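Each of the next two complexes has subunit A plus one other chain: subunit B in the first, subunit C in the second.
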Partner chain A sequence: MKRDVWSRYKFPLLFISPALLGLILLHLFPMFQGFWLSLLESNKSTIEQYLHAPFVGLANYREILFSSDSQIRQGLWDALRNTVLYTVFVVFGTIVLGIGGALLVHRNFPGRSVARTLMLFSWIIPSYVVGMLWGFMWQQEEGIVNQLLFDRMHLDIITTWFGVHWDYDTLGQLIKPRWLTGENTLWAIIIPTIWRFWPFAMVMFLAGLSSIPSEVYEAAEMDGASKSEQFFQITLPLLRPVLAMIVLQGIISNVYSFNIVSMMFGNGAGFPGKYGDLLMPNIFRNSFQMWNFGVGAAISTLLMLVMVGVVALWYRRFREDLSNE
Partner chain B sequence: MSERQHLQFHGFRKVMLRVVLVGLAFLLLSCRQDAPTGQTRITIWVLPNFPDPQRDMEKLVKTFTLEHPGIEVEITVLDWGSAWTKITTAATAQNGPDLIQLGSTWTAAVTEMGALVPLDSLLLRMGGENAFVEAGMESARPRASDSVTSLPWFLDVRPMYYRKDVLAKMGISPDSIQNWDDFVRALTAIREAKPVVEGNLVLPIGYPGKNDWNVIHNMAPWIWGAGGDFLDSTATHSAIAEPASIRGILFYLNLVRQGFNERRNLEKNTAQVSSDFDEGRLAFWLDATTKTIYLDRPQFLGGTGKSAAARNYACMLPPTSPDGHARYFVGGSNLAIFKFSKHRPEAMLLLEYLVGRPDIQQQMSRASGFLPALRETYDMPYFRENHDRQVFQRMVQQGRAYPSVHYWGEIETSILSRRLGNIFDLITAAKPGEWPEDKVIQEIRATDTEITRYIAQQLDHSPGLRERLQSWHRRHP
Partner chain C sequence: MSRAGKSRWNGPLLTTLTWGFVALNCFPILWMVWCSLMGNNEILQGKTMPDPQRNDVFYVDSLPKTGLLAGTINGELYAYGQGASKNVRYLNLGEVSTSYARQGNNLWALSASGGLQQVDLAHWRIAKTWGWHWIRSQFQQTDKTNFILPPEGFRTQALHQISGQLNNEPWPAGASKSLAEITGLSFPQDQSIVDTLNRLLADSTLRDKSLQALRNKPSWLNPVIPWLFSKERTSRDSRELFRWCLAELFPGDVSRFLQIPWNDVWVNRVPGSGHGTSVSECGDGKICFALWWDEFPGIGVLDPQTNTLGWITARKGLSSSSVQHLLSLNEHLLLAVTDAGLSLIDIQTLSVVSNVLYGECGLKYLDGRDVRVAALDSNKILLAYSQEVMLFDFSTRQGELLPVPMLKGVTSDITALEVDSSFAYLGTSEGVFSVNLEEWLASVQDQENGILHQKHYTHVFESSDGAGIDAVVHDIQSQDGALHFGGLLGLVSSWDVSSQKLLWHAQLPEGRFNLHWRNYEDLWKTIPFGRFLRNSFVICLSVMLISMFVAALSSYALARFQFPGKRLFNGAILATQMVPGILYLIPIFIVFTAVQQYFSIQMVNTWHGIILVYSAFFIPMSIWILRGFFINIPRELEEAALIDGCSPLGAFLRITLPAAFPGIVATGIYVFLLAWDELMFAWVLCTDTSTATIPVGIRLYVGQFGNRFDLLMAAASVATLPVMFLFFLMQRHIVTGLTGGAVKG
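Here is the complex of A and B:
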């Protein structure tokens, strides 16, 4: 029987073997190597020994979790808080804009194809370019964001009607918001990320919308369901499998986000500040840039374990939506 | 499946299998491209030193390949952002080029990894340490090393660019700006007069605040000028919170407080503030000597052409502190040979050609704007007969480099850039009229603690390092 299976499938197996080999070499092998590295005292002095550096057991994990002197803990909790907020806001914003955009271009109207193509524009820009571009756009005086909001739209005057207070200098000039320093920095990285990724969500939702039979809506209309009832009772539930994938993809890519922050703040030359730092740039700076590979591998392993937990929660929440039954 | 179909299928499988095997064979063969028979190919990794990094570097080694027909030089230009990772990976994996360009602050770290060939005999043949500028040799022989492991290729100093027309309009002679007090007087005059030249309001000075490697290089001369330093003379403790260092930092920051440099510049990078100077909006600007290449070039070659700044700029020495201290930052790059190189004699020849020949050093300087490390080059008319290049030469002679210890790179890129970034954040976040001096000093003290703690960890991790550094200190009191 086994011989039969082998002789029957050996050709397909031969073709999938490179992919399997690639998976082992590029995913599993480095993962185990990373874990092993986290148990070693791997730093500048021992890097030549690589995987034969002195074994220190769980010392690197103890350093991260309990040593207040550890370099890796410089700003780690700030980065963790920012990463959680960043991920939540980006995933939420991406989904809202994605569904909105998909509903808009799902309808028939002249120039729909052009509109769909144009809406994909921000997605095709590499994330490091997005980081650099928005770094310029957020500048207080010369950035296009403040120029649009305050020099053109006079947002300060409009919002004053609603009781918002603005500061003016001694010459009576408005002091525009600073996006690249202080608490606003978090928004300075969230907004470009949503801008970059929402077309992806839109494409996914559009595919989901196309697969919903129109008869379902016709039946709902005959039953007297309003448009909002159709959206919440039909569209949204039927889009849950797509939603599940976007949530998962959003969580993973945003927790591991690096490019936008790194490029916006000087391609590694700068520091994003207390409110702009994320886990990945923090780990990169405090471990790998500091040649603390063992500790860096340990914190990466810890993060991976947390993410396994997050993915397990996600699966529990969306399991039914992903099954075929 | 009929027998005929079965045979056809088997035939198809055989053909496919052959196609795959032949493809793999081609792939494997194409991975290695040998030099023509009888020729030795040496590889060199360089950084983007020139306006056209690949072609200008090829021009630089052209004479070498003509003089050594048996040697072929393969040039790879690395990007600054990824170069450090690629170089250290090559050093640890023992697989990479024969010859390597190292930023002057990288040499000690790569030396500590035991990856570089000692070059003492080559240095001796080239006339010893005196053949090169002193500040360049600091990084060539790292403090913890007994040997010279790289040779200085070119130097990088930061002169003060100024607008001759603006100073003339203010009635200020450039020669009158000698020390910090003179400098503040000149800046005050410009701030008060608000000169408008060719439609542009000219502001006194500009410098960037964060998101830039240059932030620390820009601050160094003011700290050193005040008599302070980043590390103590043994390079085992931070000195950044010493009163003199704090005085230097505060003087530099006060240029913002007094309204000479606008706060909004602090969220810009060097390229952006530099373009403000190019476009005629700044009277003073500190930058690398490479800027002269762009200012002197026509627009169609990527320069600034005939802009107001290009027509009216000149360079001067940055002012000294009131008590006459003048130590300028000297950076640059060195060339080294990896121990795993299979073509050491040929790599040595190329190294000697690039660093040891005044004609080639001058050619490099003309093309890149960087300065020669070889002293003899400064005797050439190109340097002797030009005012700005005379200024550069004086800076090189009076300049100093960061301590050549293997942990400096992390202190600079990770601790100082973050902490100084915090300082600039404190300033930009302060309300107009407020100046967060106490918080700035607090941040400097935190930087001091972090650096000293980091060095202590490094000394603990590297047995014998403390003794080697003390030994260096005894030899260089």
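Here is the complex of A and C:
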């Protein structure tokens, strides 16, 4: 029987075997090790003992979840809050810009393919470059954002009419907002991320849009549907499978976002601060700068479980769209 | 009807909106490239737009017949006639970070890009140029790599002494082991000690062991050493650090073994004092010059008549090779202000007469901060830093703070300092203050007796009257009862000292807007960026090839065949995308260290380690994308081949694989892009320069990059270019591959 299976499926089994080996060796095996490490007190002094580091049971989990005076826990909760806000805003912004951009370049106009290509530019830039570039652009004095907004457009004067308060120094110079410290940091990481990822959404939506047969619109036009009715009644519902994929991709890639934040602050040498820290940089710091592997593995394990839950929720929400196809 | 009207306006409006959107989206990228072509000075000063900006004057001097000469940091020279508000002559040296020194009818300009230039003021032209290339070749004739062999006539006693110290004396003082015991080397008593020392330098483990022992030695005289210990070091730093420590622990003849580093000149460096270059005339018609960074060997002394170059370096006792100011005190004595302290140098013998480190002899500890100096006579100098002025006397080796009450209420630091026979002049952002020298110096004596003659201070010049300087004064020149100022925004003016009246003022015309390729050259010269680029390419290409090979096989199997566990395999591939990368990274790092420990196979900091991890990491995703391509290839093609007598493998190789090839290439390029963009794994698994990818490399040199936005943007542009090219090469196929899964299900 066993031989039978082998001779029958020899070909595909041989073909998948390298990938399977990689999957077991570098995915499955480390994953279980990671889980085991989260139960150990694994740090710089015990790293040489490998998996025989002192077993502490759920102590790491207790520290990050319940011990109220732990700095690790405080940092983790900050990072968690930031990550949730970051993911929600980025996914939302990406989708809005993606649909908008897709609709704009789906029309026929001179230079359409050039415009499409140019729109992809921000997506191709490596994300660490995005972090460096925007870290430069957000600088208080040297940064182009403040220069454009305040030196050129004098946003301070305009917004004062609407009751926004600005501070000026003793020489009467405007104290421009600091983007890379304090609460602004969250926006300083959200905006570049949207900028980097919206073209991906646009590409997906564009593919979705071009798969909608034009007869559908012609029929709707016959029935006297307005453009906006067509958009909300036809386009959006038909784009739901694409939307589902983008939401999933967006959630996963943004919860696990590391590069932009870690390169934006001091080119990888700085701490992003209370409002700029995300889960991945946080875990990374705990593991590879504080050398507390046990805690890092514990947070990663918890995060993975939470993400399984999130994906399950996503699946329930979009199940019909996926099965329709 | 309304519909027709709408569409007539809708089209152009939406098209405009689209192009606006495109422009906005591309702006940051254009900005990145734009800034990578600019000097950091301009970026830091906000002069990033090509609109009318006047370049700052960093040098003023009088010309014969009371004319005025003004020089900018960009090597632009302007000559003004008497009372003329427009410049009468203009000379563009075309360089960046330029410093000037006057020698009779010659002006010497030292720039970080062009080297030393001699300008003939009488004929108003560049007389001669000594480029960095020439300077470097001259220097290299005097230098060898690593520890150099002692010269002929070197005392054998010195070799005995150093070998005895290294073999027997504790390393560091008070410890229990000597260097010989720590490293297991024995240091011979003859010239071959140099080979032993070089072997130690070349072996990173031995070197690290030796350095480890010194790590917390509290009493380093040289302030550079603790700093070198504290920063994240490269191999080159470690070698340098070891040499420093050796010279520091066993001073004397061993310092003759010191190698003098030479790195290519790093232009546009903005140290505290604006230039980073300094040049001075130093007696006998000689010109000395130095740069404000560690990688430069020290002070070069050029004799223009004989065209020879002498050097004053660490081997000759210079405390630091990073020189901020050079000042000629008299015919043969030169003052060098370095980031470690002050050095008096005898030009005739090219030797250091005396060294004073900051933190000693009443001097403040000024680790590389902005200092201005002026000489009162060949022994006494004035040092100005932030808002304080210090009198330093080399004969007593004592420094004393001078009271500076006139700076009360002034917010800026002292930006210029000039002394003539009776007055000292302090330039600030709010004009120049003058003070009678005799009374000022006397007040120090009186202060000791408890009397402070503050009332003697008068401030002569106020700049806020609008007529003269109302910007930072960068240079002051006093001549025959007249004072010349030059400063921010190209303002220059002359004042009469006795009547305190403004004689004349002018503003430079708009200077040139400085765009150049230099940042890209510097990127290669100053950090091993070429190596990072190579590492990135090698790693990403290998990952691409390996993962395409493995993924093509698996995805073909998934697309064509049924086999037990297919659903599980499919699910596992999707599930890997949900696991946070760091959950793999921690165990992989620990396993790698364990492999190194138990099997002595180097895994961290190797190409094969990171390639293995990346390949495994990107294979599942590639399988998923490739599966779509394989499904779309008609099965009939293969079946026809099978009927024609082809084996299944043959059908795959000859029919399906070529058909899927564009898809495989596109997916491969996508994997390349992802690997190029990966930071977290590389950050842990490639941490030294031999394997670091571009982002890790940038991070390694973050201390040197600091606020060098120009270099950062150049690095960013170089990192973007290859992936952009690859993407647009295969744009259509990549988009098809990525959207295939979503749109077709």
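Note that in this section the second predicted complex is superposed on the first by the 306 of 325 C-alpha atoms of A that agree within 3 Å, B and C clash if a C-alpha of one lies under 4 Å from a C-alpha of the other, contacts with A are read in each partner's own complex, and residues count from 1 in each chain.
The definition used in the following text is that a contact is a pair of C-beta atoms (placed from the backbone, for glycine too) under 8 Å apart; a residue touches a chain by one contact, two chains touch by 3 or more.
On a predicted model such as this, the values are computed, not experimentally measured, just so you know.
Chemist: Give one word, clash or fit, describing how subunit B and subunit C relate on subunit A after superposing.
Modeler: Aligned on subunit A, subunit B and subunit C clash with each other.
Chemist: Look at A:Tyr50 in the shared chain and tell me whether it touches subunit B only, subunit C only, both, or neither; answer first, second, both or neither.
Modeler: both
Chemist: Touching A:Arg178, do we find subunit B (first), subunit C (second), both, or neither?
Modeler: After superposition on chain A, A:Arg178 lies in contact with subunit B alone.
Chemist: Applying the touch criterion given at the start, work out whether A:Leu120 contacts subunit B, subunit C, both or neither, answering first, second, both or neither.
Modeler: second
Chemist: Thinking of the overlay built on chain A, is A:Phe271 touched by subunit B (first), by subunit C (second), by both, or by neither?
Modeler: Only subunit B; A:Phe271 stays clear of subunit C.
Chemist: Report for A:Asp167: first if it touches subunit B alone, second if subunit C alone, otherwise both or neither.
Modeler: In the superposition, A:Asp167 contacts subunit B only.
Chemist: After superposition on the shared chain, which partner residues are touched by A:Val311: those of subunit B (first), subunit C (second), both, or neither?
Modeler: Only subunit C is touched by A:Val311; subunit B is not.
Chemist: One more residue to check, A:Thr193. First (subunit B), second (subunit C), both or neither?
Modeler: In the superposed model, A:Thr193 contacts neither subunit B nor subunit C.
Chemist: Taking the superposition as given, does A:Pro241 touch the first partner, subunit B, the second, subunit C, both, or neither?
Modeler: Only subunit C; A:Pro241 stays clear of subunit B.
Chemist: Of subunit B and subunit C, which one touches more of subunit A's residues?
Modeler: Higher number of touched subunit A residues: C.
Chemist: Let me test your reading of the model: by the given contact rule, A:Ile252 touches which partner, first (subunit B), second (subunit C), both or neither?
Modeler: After superposition on chain A, A:Ile252 lies in contact with subunit C alone.
Chemist: Once the two structures are superposed, pull the subunit A residues common to the subunit B and subunit C interfaces.
Modeler: 11, 47-48, 50, 136, 141-142, 170, 266-269
Chemist: Any idea which subunit A residues touch subunit C in the complex?
Modeler: 5, 9, 11-13, 15-16, 18-20, 22-23, 25-31, 33-34, 37, 42, 47-48, 50-51, 101, 104-105, 107, 109-111, 115, 117-122, 124-129, 132-134, 136-137, 141-142, 144, 147, 151, 170, 195, 199-200, 203-204, 207-208, 211, 241-242, 245-246, 252, 255-256, 258-259, 262-263, 266-269, 280, 283-284, 287-288, 293, 296-297, 300-301, 303-304, 307-308, 311, 322, 325
Chemist: Give the list of subunit C residues in touch with subunit A in this complex.
Modeler: Residues 11, 14-15, 17-19, 21-22, 25-26, 28-29, 31-32, 35, 43-44, 46, 48, 411, 549-551, 553-554, 556-558, 560-564, 566, 569, 572-573, 576-591, 593-594, 597, 612-613, 615-617, 619-620, 623, 648-649, 673, 676-677, 679-680, 683-684, 694-695, 698-699, 702-703, 705, 709, 712-713, 715-716, 719-720, 723-724, 727-728, 731, 735, 738-739, 741-745.
Chemist: Sort out for me which residues of subunit A touch subunit B in the complex.
Modeler: Within the complex, subunit A touches subunit B at residues 11, 43-48, 50, 69, 71, 74, 135-136, 139-142, 167, 169-170, 175, 178, 180-182, 265-271, 273, 285-286, 289-291.
Chemist: Tell me, which parts of subunit B touch subunit A in their complex?
Modeler: 13, 81, 88, 92, 109, 112-114, 210-213, 215, 264, 267-269, 272, 406-407, 410, 413-414, 417-418, 421-422, 424-425, 428-429, 431-433, 450, 453-454, 457-458, 461-462
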